[in-house]
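Think of it as A, B, C, D and E in the order they're written, each chain with its own count starting at 1.
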């Protein structure tokens, strides 16, 4: 894996190399280098299988991380290619012609993160959700609990007490130094 | 009251009536002793002395009532074997030197010794009287004193053995 | 009844600032009136909403017979629980052992049917996503009266482990009348049998009145349904 | 490959690749199979456009079982995620438990006791048997052989009894915890397991006689849903579907995890690459799992801990990192991509089940030209579970 | 296709001759022994800590008051109520249960028409599965939180025995993090702490690495946090939820850790400056923890506080009663300096009653606080106890802390089984080691080892330091030799100390008599207050309650201007003294506020 990185580092401008375990490493690549890198990995390095394509929302850094995980069966190894996208109006080039399955991943990312992949088949069709009108739910700024509270009825009659506060009320209502 | 007199009386007389008289005397002197002591001790421990005095007063009242009852006159004439090992009872009638300003520990120690002697004495008196009201009285008194002693010991432990931190 | 239901459920306002305006939901393509050419070349006009669906709402079914007859009917109903084979959630996986020799529900007059028209018992086997709720309502409405609903698993009762999920409903009885709940995650086949047995008792006692409740409070149920099914693109009543 | 099609009726492709289907032409009919349909694998649906009784286009629709696990996990602590992951895949929940636990252990640097690894392997193989038994029933049922499902469900239930006594639950076992497994094998487990295995073997023999050597099944399954070996990488095909196409892809052998490197087995393959071949691969794989369980019980250590010491799970934080953990489940490669950010909650979890590619792109490709009556059989032959697509 | 393919399926007919596999009675089929079915809770064992609620990812558990369960120290009085409309039977609640009270039965059938009925309080709401034997319980050794405490590093016995250098070295950040990690944040301990420190919160601050927040939390409720971090009697740890199935959290050491992590010069800034002056004057008698706590509170409120202390340094018993190896002087000094920096005026070497009268204090101030502690050692008053070589522990400890050169005897006997006894025994052992190279300290106590009043850690460390501990020995006489020198202590074996009613009633075995040789005998059985400073008149005016000053809940005496706090009211214990100090200060504030309102 180290030799692979050493070989690809310069030509593709790879950064943040992490060897997570002997058969899995992660690298970060710039947007314009992604396609050449994936092609190189697929056609010349044996990473023929797109294991998954997904995103991570680093909302504090105002960006999405796309992770393309490729697998090389002959050598039993994986490489995770990270790509950082600005969160605002996130859009990325589709890779569905490299792997047809990517279209499904891209549909999901479009729906769940709001990341667009122009040109990807059926990318704007509803995939999992139906009639969704809120923020894309996998975004960090979407609060599922709050949404659930507001959208769905819940059974009434639930209440709970904090043990420490309850003990204060029961045992030393006025005597506490710490409120 | 001087040393030995009570003991002599106890030895010499062995009718129940006389025994009761000694016992009454015993309780009375104690009561007076505590009552006299109360104003002398510091206010913080006065409760202790006052409580002791009250306790003795109760016993004293009990004996006085008993002696004034006519129905047991006959029984009082009965002779009993006075216990031989009863030195402490009369010892304790003797007033101790608690000093001018005794502290709580000193008072407690005195009271404890006294209760112990009384307890043993009543116990053996109960053993040597035949079943009947007098026997029951001594048994009652023995139990009273035992309990009293236990209470005092608890107080003693709490007051003196605070354990330290 | 409606008030009681309202009271039981902790109502929350439907509109909140976070929610953006609804997408403009068009009626499904299949529901649009259209002209179709049949294989033999004939052109026919189809208006699905008119032609495929009933315009009237559900009606309350009152016992039409004497007590004895009604009891006999209820006995017959109780002994023929025909379940719609619609596995809405994970609980469906315990239906298969139930229907196969080991637990053999058939011996209790319980069997699976493939279409709503043949079934009288809708088993909601666990959580319902909003997307499935929409289909479950249609399936329920298409079932013949008298019909029953059993909620299976804790998630039908109060959301279960999906209590904070944005995509599942929490209280099933908010959206359709439930006759019985069986708790568990998931309930075992034995618990299901127990539940069906209890349902039989309810039916025999004439107390499984869910379908009538639905008809009586149709508007209330519809309002609740439409509150969560944001792309309501079908007729209000799918009979 | 059997030729079903009469291409003269077929719609032409538009410039963007989609088909030019005019519903008003009367030539085509839109037919929804599912979600409420006996021939569907779980709660999903396929939107079929048919021409006569032949499918010209099929679109998979999922989302009926979506609960948003990946989102829910982001607001649960690492231990709180453990009970919910198994719900992602109902028929074979243990893979979720294992992959999640392994990913957490890797990022948190927890060493799992050896015995726990053996028990985990045992559970995963037991789960595989369950899943295959369910598949066989489904596959036969899709072609009208109802009795097979009765038998296999019974056999599966016996295995569920073993699960129950080992893990304390029938379906959602919640037994493989980050750090190890909950408990040791119960007293007399080996004996009862052996009896169960024998019953399963006998059932499988019956299944072989009545299904695999059945003219009806052969007639319908042979040649249906041909998968070209060249598609394996292109479409991300894994597991029995790939092995049925002659590609000996098996994570247990390729990248051994748990104790698979200490067990004797070879990936089962077939070359015909049709529905029959895939069914047969699964049947033989099932027998191999029976053998693996015997190997595990014969070789596993009987002494020692089954759980590592965990920090206080209530405020368990894991340093920033990311990893991917995979395993070979009955449908193919199951994987968890876990990202942590140093907090007490996962930053992101992505669950990659084999059905994700099988039921979407691959099914949509294979379904074209298939007779409507065979759609169910084809879907089952890919052995897809919708909840792992949409989670 | 072959003929075989047509015939083979007919083998299915053989099942005609098979026994049916159907379960005859599926309604009464017990689940497996380990089955995770419906919950059971041993309500007696449960302490209502709410850890089950905390771990439940389904939000299925509520903590609510239960009928017949009282709130008391160590038990919140709450019990879990489980919503079976939420539960997923993962049993994390059982695994994490701190007392092992929560288990599961193997019952699994529950059908209801009313969905609201699926909420119940196991163990309180009776269910038919409550007495089921089978069902899931946490397997042995299966723990979701480390049951063992992180050991506090300390000097080895050989290193510490000849010096008064502080023996405990304090947690490293890593150790403290690990120990803080064990806390389940239930807060049961808060009620037990006399001053109700925000224990779970400051432990959380350690986990977060936010020591300044932690320090702020400490000083919000305890201006003796550095001292309590070292010598607190830590009653909180006795009610710690973790103590039920493991070691309690080392709350004291974690408190100490916070105080050590924040630079001392930052303290004042974090704690905050005193408020604007009010012109009110308060005199405090005694610069111990109670007095100084009240001084801290009142000075921070802007009042003018003067403290009168008969010794040359402040700190009270923490300085003069606790040996240096447990509590170094500079720790005390830092604490005192911090309090004084709030604007407290100190008068050292000033004995009230002698140098200044109570009446004077009353005249000069708006309020007076008595915080005089328990400074007089009790004596057993057994025969011989008035010998010159019979000492009282408090007196000796004070002399040692004062720096007085004490010539240790070659051998000595200590009477007492409390912490003071351990302190003096260990102090004298150090002196012996320094002066003679040999240790010969015998410690006798009435109690048996299981009932020693001293902290078990103290006992363990004493034994490590070669103190010869004899339990169940009742002192009878300090034996004086022919030459008038002390020979040792004669004791009887204690058969029992308490009677059936748990009252003190020692009974002795007079046949088991022993003589413990010792040139000195040191009595460490108890202490009392020296109330003589009040003067006869004030003593008579005040109300007393069984030997102690009678005070109301806020520490106010029967005299409206006089409050009392600390060991002389309730003790002896540093943290209790702090708590009463706070109380008194708050009471005075309230009285002032009332007076303001009236004028």
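Assume a contact is a pair of C-beta atoms (placed from the backbone, for glycine too) under 8 Å apart; a residue touches a chain by one contact, two chains touch by 3 or more.
Predicted model only: the values in this text are computed from it and were never measured.
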In contact with subunit A and with subunit D at once: which chains are those? Just list them. C, E
Via touching chains, subunit A connects to subunit E in a minimum step count of 1
By CA centroid distance, what chain is farthest from subunit C? B
Top of the farthest list for subunit D, CA-centroid basis, is B
In whole angstrom, the CA-centroid distance of subunit B from subunit D equals 91
Where the CA atoms of subunit C average out and where those of subunit D average out, how many Å apart are those spots? 29
Go ahead and note the Å separation of the Cα centroids belonging to subunit B and subunit C. 89
As a quick test, compute the distance in whole Å between the mean CA positions of subunit C and subunit E. 59
Among the residues of subunit C, pick out those that touch two or more other chains and give their numbers. 8, 101-102, 131, 157-159, 161, 163-168, 171, 185, 188
Two or more other chains are touched by the subunit B residues none
Would you give the residues of subunit D that are in contact with at least 2 other chains, written as numbers and ranges? 63, 66, 68, 71-72, 75, 83-84, 154, 172
Once the touch criterion is applied, which pairs of chains come out as touching? A-C, A-D, A-E, B-E, C-D, C-E, D-E
Residues of subunit D that touch subunit C when the two form their complex: 23-26, 30, 35-38, 42-43, 63-68, 71-72, 75, 83-84, 87, 90-91, 134, 137, 149-150, 153-154, 156-157, 160, 170-172, 387
Can you list the residues on subunit C that touch subunit D in the complex? 29-30, 34-39, 84-90, 92-94, 96-97, 100-102, 114, 116, 127, 129, 131-132, 135, 139, 161-162, 164-168, 185-186, 188
Flag every residue of subunit A that touches subunit E in the complex, lowest number first. 155, 157-168, 170-172, 175-178
State the interface residues of subunit C toward subunit A in the complex, per the touch definition above. 8-14, 16, 18-23, 25, 130-131, 134, 157-159, 163-171, 174, 224, 227-231
Interface with subunit E, subunit C side, in the complex: residues 8, 101-104, 107, 151, 154-155, 157-161, 163-164, 171, 173, 178-185, 187-191, 193-195, 197-198, 202, 207
